[in-house]
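Chain nomenclature is as follows: A, B, C and D, assigned in order of appearance, with residue numbering initiated at 1 for each chain independently.
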Amino acid sequence: MIIVIKPNATDAQIDHVVDRVKELGFTPHLSTGTERTIIGVIGDEDRLRAEPLQAIDGVEQVIPVLKPFKLASREKHREETVIDVGGVKIGGGNLMMIAGPCAIEGEEILFDIAKKVRAAGANVLRGGAFKPRTSPYSFQGLGEEGLKILRAAGDRYEMPVITEVMDPRQVELVERYTDLFQIGARNMQNFNLLNEVGQTNKAVVLKRGMGATVKDLIMSAEYVLSNGNQNVILCERGVKSFESSTRNMLDLSAVPNVKGQCHLPIIVDPSHATGRRDLIPAMARASVAAGADGVHIEVHSCPEKALSDGPQALLPDEYHELMQELSKLADVLNKQMTYAHQGANA
Amino acid sequence: MIIVIKPNATDAQIDHVVDRVKELGFTPHLSTGTERTIIGVIGDEDRLRAEPLQAIDGVEQVIPVLKPFKLASREKHREETVIDVGGVKIGGGNLMMIAGPCAIEGEEILFDIAKKVRAAGANVLRGGAFKPRTSPYSFQGLGEEGLKILRAAGDRYEMPVITEVMDPRQVELVERYTDLFQIGARNMQNFNLLNEVGQTNKAVVLKRGMGATVKDLIMSAEYVLSNGNQNVILCERGVKSFESSTRNMLDLSAVPNVKGQCHLPIIVDPSHATGRRDLIPAMARASVAAGADGVHIEVHSCPEKALSDGPQALLPDEYHELMQELSKLADVLNKQMTYAHQGANA
Amino acid sequence: MIIVIKPNATDAQIDHVVDRVKELGFTPHLSTGTERTIIGVIGDEDRLRAEPLQAIDGVEQVIPVLKPFKLASREKHREETVIDVGGVKIGGGNLMMIAGPCAIEGEEILFDIAKKVRAAGANVLRGGAFKPRTSPYSFQGLGEEGLKILRAAGDRYEMPVITEVMDPRQVELVERYTDLFQIGARNMQNFNLLNEVGQTNKAVVLKRGMGATVKDLIMSAEYVLSNGNQNVILCERGVKSFESSTRNMLDLSAVPNVKGQCHLPIIVDPSHATGRRDLIPAMARASVAAGADGVHIEVHSCPEKALSDGPQALLPDEYHELMQELSKLADVLNKQMTYAHQGANA
Amino acid sequence: MIIVIKPNATDAQIDHVVDRVKELGFTPHLSTGTERTIIGVIGDEDRLRAEPLQAIDGVEQVIPVLKPFKLASREKHREETVIDVGGVKIGGGNLMMIAGPCAIEGEEILFDIAKKVRAAGANVLRGGAFKPRTSPYSFQGLGEEGLKILRAAGDRYEMPVITEVMDPRQVELVERYTDLFQIGARNMQNFNLLNEVGQTNKAVVLKRGMGATVKDLIMSAEYVLSNGNQNVILCERGVKSFESSTRNMLDLSAVPNVKGQCHLPIIVDPSHATGRRDLIPAMARASVAAGADGVHIEVHSCPEKALSDGPQALLPDEYHELMQELSKLADVLNKQMTYAHQGANA
């Protein structure tokens, strides 16, 4: 950590900073230049980071040198993590292709969609039973009834299933039915929820918050990891920006950016990122080419009657065509898709 | 609601849109221009909004005309809401001046700060017992022990108290000790938590999320209101932006922007918005001048040893000086500060 | 265009709006609902757009229905534009691969870089002679001497050349040496400069401003087109965002977003977008997969001694390796790269 | 400057960094911790900043310690600059109240507006003769004819005048008629234009770009100052953000933020920042309370027929009322408004 002293700081102020650093058990190294004095502090930066050194009179700036995350960091854990969910591998060259409707609306329609996305090549089935909706007057999901339908569809078409959990009180219930937890963008910093899923051993897909930096996202993963659950998959799904023609701005550079500093897999959700069906195929291709470990796409057989997010869902045929393109790209890029062991979910 | 048809849509597609609108029980009004056909749809827009009309083939754009919130709207509820918490009025010209440390660290220090901010003119005492921290390795708050200290300090110095609630499971516990709930920025769209506090009758200060628009903020208030709790106070505390020299960007225009369309009070938190002690006084003055119904400021008697957010806390003396300035501004602007009834908290 | 009337507007106000619309030569269509009156206005929206209807008392909102650009629009001009610069085709499946140093620093080094990027497969050579630098104390470019070196390098290695023009007064000079003009992000709305290059017939690569929407970018292209120059190539190069670990945020969805509404080619510059050498290859691959008509990459043979933007330049070997990957992707996606006619620049 | 070395850097890489620093004439100070080696470099940081040290293999991060601007910095120039334009003082407690229409449309209307804003208390008259318009099809201004009208109105009502200059080729012409140059947001980084006005001795109001940080703004002022013109006034006018209900987001914290590090005056333009007439008065009050050295407000006597930006203009009566409020605030805050010497413009 580096402490930059204000140009007009008094000697007494500098001494006080030095004393405070020593009092905390660290050794300060002063360098005095013509314009600024800087103090290098060597030691356990995590402990130091928690101290409000910036609040000391005479301090201009405190500059951390190390990253604030440990378990998620690639510095100690050089190998890319590969997660296995019932035979579907994620990371290390293995693509997780999640598909399904935004919300679970009923058995017949979910089975129909599941059958089609499985045939197109998807290896994980999604569907929301608890829906975080901006408006209290929108459809809020079928709850446990939805979870049962999702489980049945996954079993029938041999796909692990993923569904969102919104509330620490729901974790136990959702865990009974799902193979992977999804933590939505609005809950990326719902730390009590992160702690709760961190105490299970199910894989967690953690979506980036709309106002979260890449570092914030990794810090939230650190919450889950520090509770003992090592099966975390990050998900880029767009952030807020001034561009008004798309719902969010997909930050694809987050993919190599995460991979350079963190060993966890990262997938991309172009459906929520763009909010526009016409942009999804191009962004899905770009995600795979950028090195993402998977793509999450909403598919609905009748978007104009979908109870949630219809306008951003692909039709099953469109999804099929897209998967053909993605397979070709995966081949060129030496990526592969694996599928559930037969009977894995039984 | 207005439906804009694509320039190359077929007659069959237009007919299908018209039929779908009728099927839903609305009357479509077609206007055909040289470049575009538009369909006006008159009726209950809230119901219509939930339908994915945008997903119908041939539809270019669906443009809502009405605001998506009702209970929070100023259209039906012209009067500004005035909330009374034990004698402290908020809204309608009454300022709520919240002050106190970021986190409750112990009895002695909180009592010291409480005494000083009360003397400076604060009318509500703050302190965090459950802290949402970006890092799992940071101080997470004293929990119930902290709540007890806060309650005692409020009783001793005759100030209603406010503290953050982060988890639906904590609502009952926190409710026993606090006068106002604070919902933090990271939980603005934690809808289950909003529902839970909406079922109490304690006032709720709802902070704007870092990636939330003004409309999103009002929609979250609508969640609380729709559960029956009408005592909601909004709080502007800065949003994410590309400006890197402040923690967030304080959007002061949110104050008149909210007031024009919503009857709830709105206060400002310049401490979290800027993250910089040197900018707080100017931003506090600007908040009052912009018409805010109060200001939320972190005060700590020893910021350099604070367990949380020290660098953005004012010293008690600095707070005292600032309150002098704010009082003068309040006078010029015909605003006033009211205080707790004697013994109100007893 | 649609005019939404305020809920509490008087009849006199509504009559005044209607009269004003008629006075301007348009026919208003009133629809009166229970909550709002809306007025549809059919006619030449471009003319109407210029009128400050929003400023009339009683008007809540004016909603344009048509896009504000014409010449750049895909509505009338369905075919993708293909631009040919001395044999190098851009658009319609043809990729422009621009490579070269940020600034032209001298003959020897530019010739060395040019030779290597040409061998790696680049088809256009870049180099800055006039540099827009944030600081007045940074290297500002070699001016005409640089242009001469660039021209010579392009001729020697049979590549058309591109260089930035910053000032309307330089257009004539730069035109003498270059094959394509580059308009930098900071000048995207330097309308007088756009008018000036619009009066030449050289191709223009127009970079998106750091605070510009996709619509703003297309409107700036419209300036060039409306001056008679139809050879405009858009360039996505990242926009400002709160993410602080990259210089800008690359908005790759701009590629399909532009292509859906505009017939001009669009390329991507991952060097300036990310500002980080480690992220460039992944973002270049993603650009091609997203459907971009080319990629602009800075290459320098000794980045640590580069006079400008060294940290974001690839080494020639890294560029070579990247071009191998991009070629494979291009094959799968049915894209091709074309090269200058022999002697085209002579 | 501080150079942070990558954790896995080789000794040879570290030696190379050290050698390179020495080669450039600086003395490196190594500190080796358990997790990172850092190299402090003491010396002329401006010279060092230009070197691409970040591009050297083994370097993780280069952290500047000093601010990149000199002439604009408050470190050497502690006193706030006070600028005098014909008797109107700006800075150091003196408020510049600029008012007038967006565009100069004709003599009669400008004289009418000028008379009214002068009576309301404005001390500088604005009006655009060259208009930067997003669309090539919008009104582009009256040019020199407009400048003559503006000059005449300023002389008649004894107000210095300000008008925008967009092109280095116009500087000489505009200088003949105006008292202050305005550099618009879109030209904040039009460095050749900055150089050109920097060579005059007229005061320059430099507006913050929509995607510019506070540091970028000060760096652009540095361009003007480094050309010899010391009369620069900064202007905050909102930046791009995801909030879609206002045109831009007014960053009022920029006012104390600039004042803490730069000695130049800074004013605020709430008209362009919000784009909404209903928000202007509150934001003008907030600007004065935040410590701004003036406020820039568009006023038009018939906004619904204005040729440019009508919806954001106040009516003369509204401006009059606002100025009453601002005067009261100015009194409380010990600010004053000064006016042109009689006959100063003659």
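Convention: contacts are C-beta pairs under 8 Å (C-beta built on N, C-alpha and C of every residue); 3 or more make two chains touch, one makes a residue touch a chain.
The chain lineup, named per UniProt: A, B, C, D = Phospho-2-dehydro-3-deoxyheptonate aldolase.
It should be emphasised that the depicted structure is a prediction, and the values quoted were computed from it without experimental measurement.
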- Note on the structure: Two candidates, A-D and B-D; the one with more touching C-beta pairs is B-D
- Message: Going by average Cα coordinates, which chain is farthest removed from chain C?
- Response: B
- Separation of the C-alpha centres, chain C versus chain D, in whole Å, is 26
- Item | For chain A paired with chain D, centre-to-centre distance based on mean C-alpha positions, whole Å | 39
- Message: Between chain B and chain D, what distance separates the C-alpha centroids? Give it in angstrom.
- Response: 31
- Task: Could you list the positions in chain A whose residues touch two or more of the other chains?
- Result: 211, 239-242, 244
- In the complex, chain D residues that touch chain B: 211, 213-215, 239, 241-246, 249-257, 260, 273-274, 278-279, 281-283, 285-291, 328-329, 332-333
- Along chain A, where are the residues that touch chain D in the complex? 2, 4, 7, 29, 31-36, 38, 40, 42-43, 45, 61, 63, 65-66, 75, 240-242, 244
- Message: Show me the residue ranges of chain D that touch chain C in the complex, using the header's touch definition.
- Response: 20, 46, 49-50, 52-56, 68-69, 132-139, 166-169, 186-187, 189-192, 209-212, 216, 219, 222-223, 226, 239-240, 277, 303-307, 309-311, 313
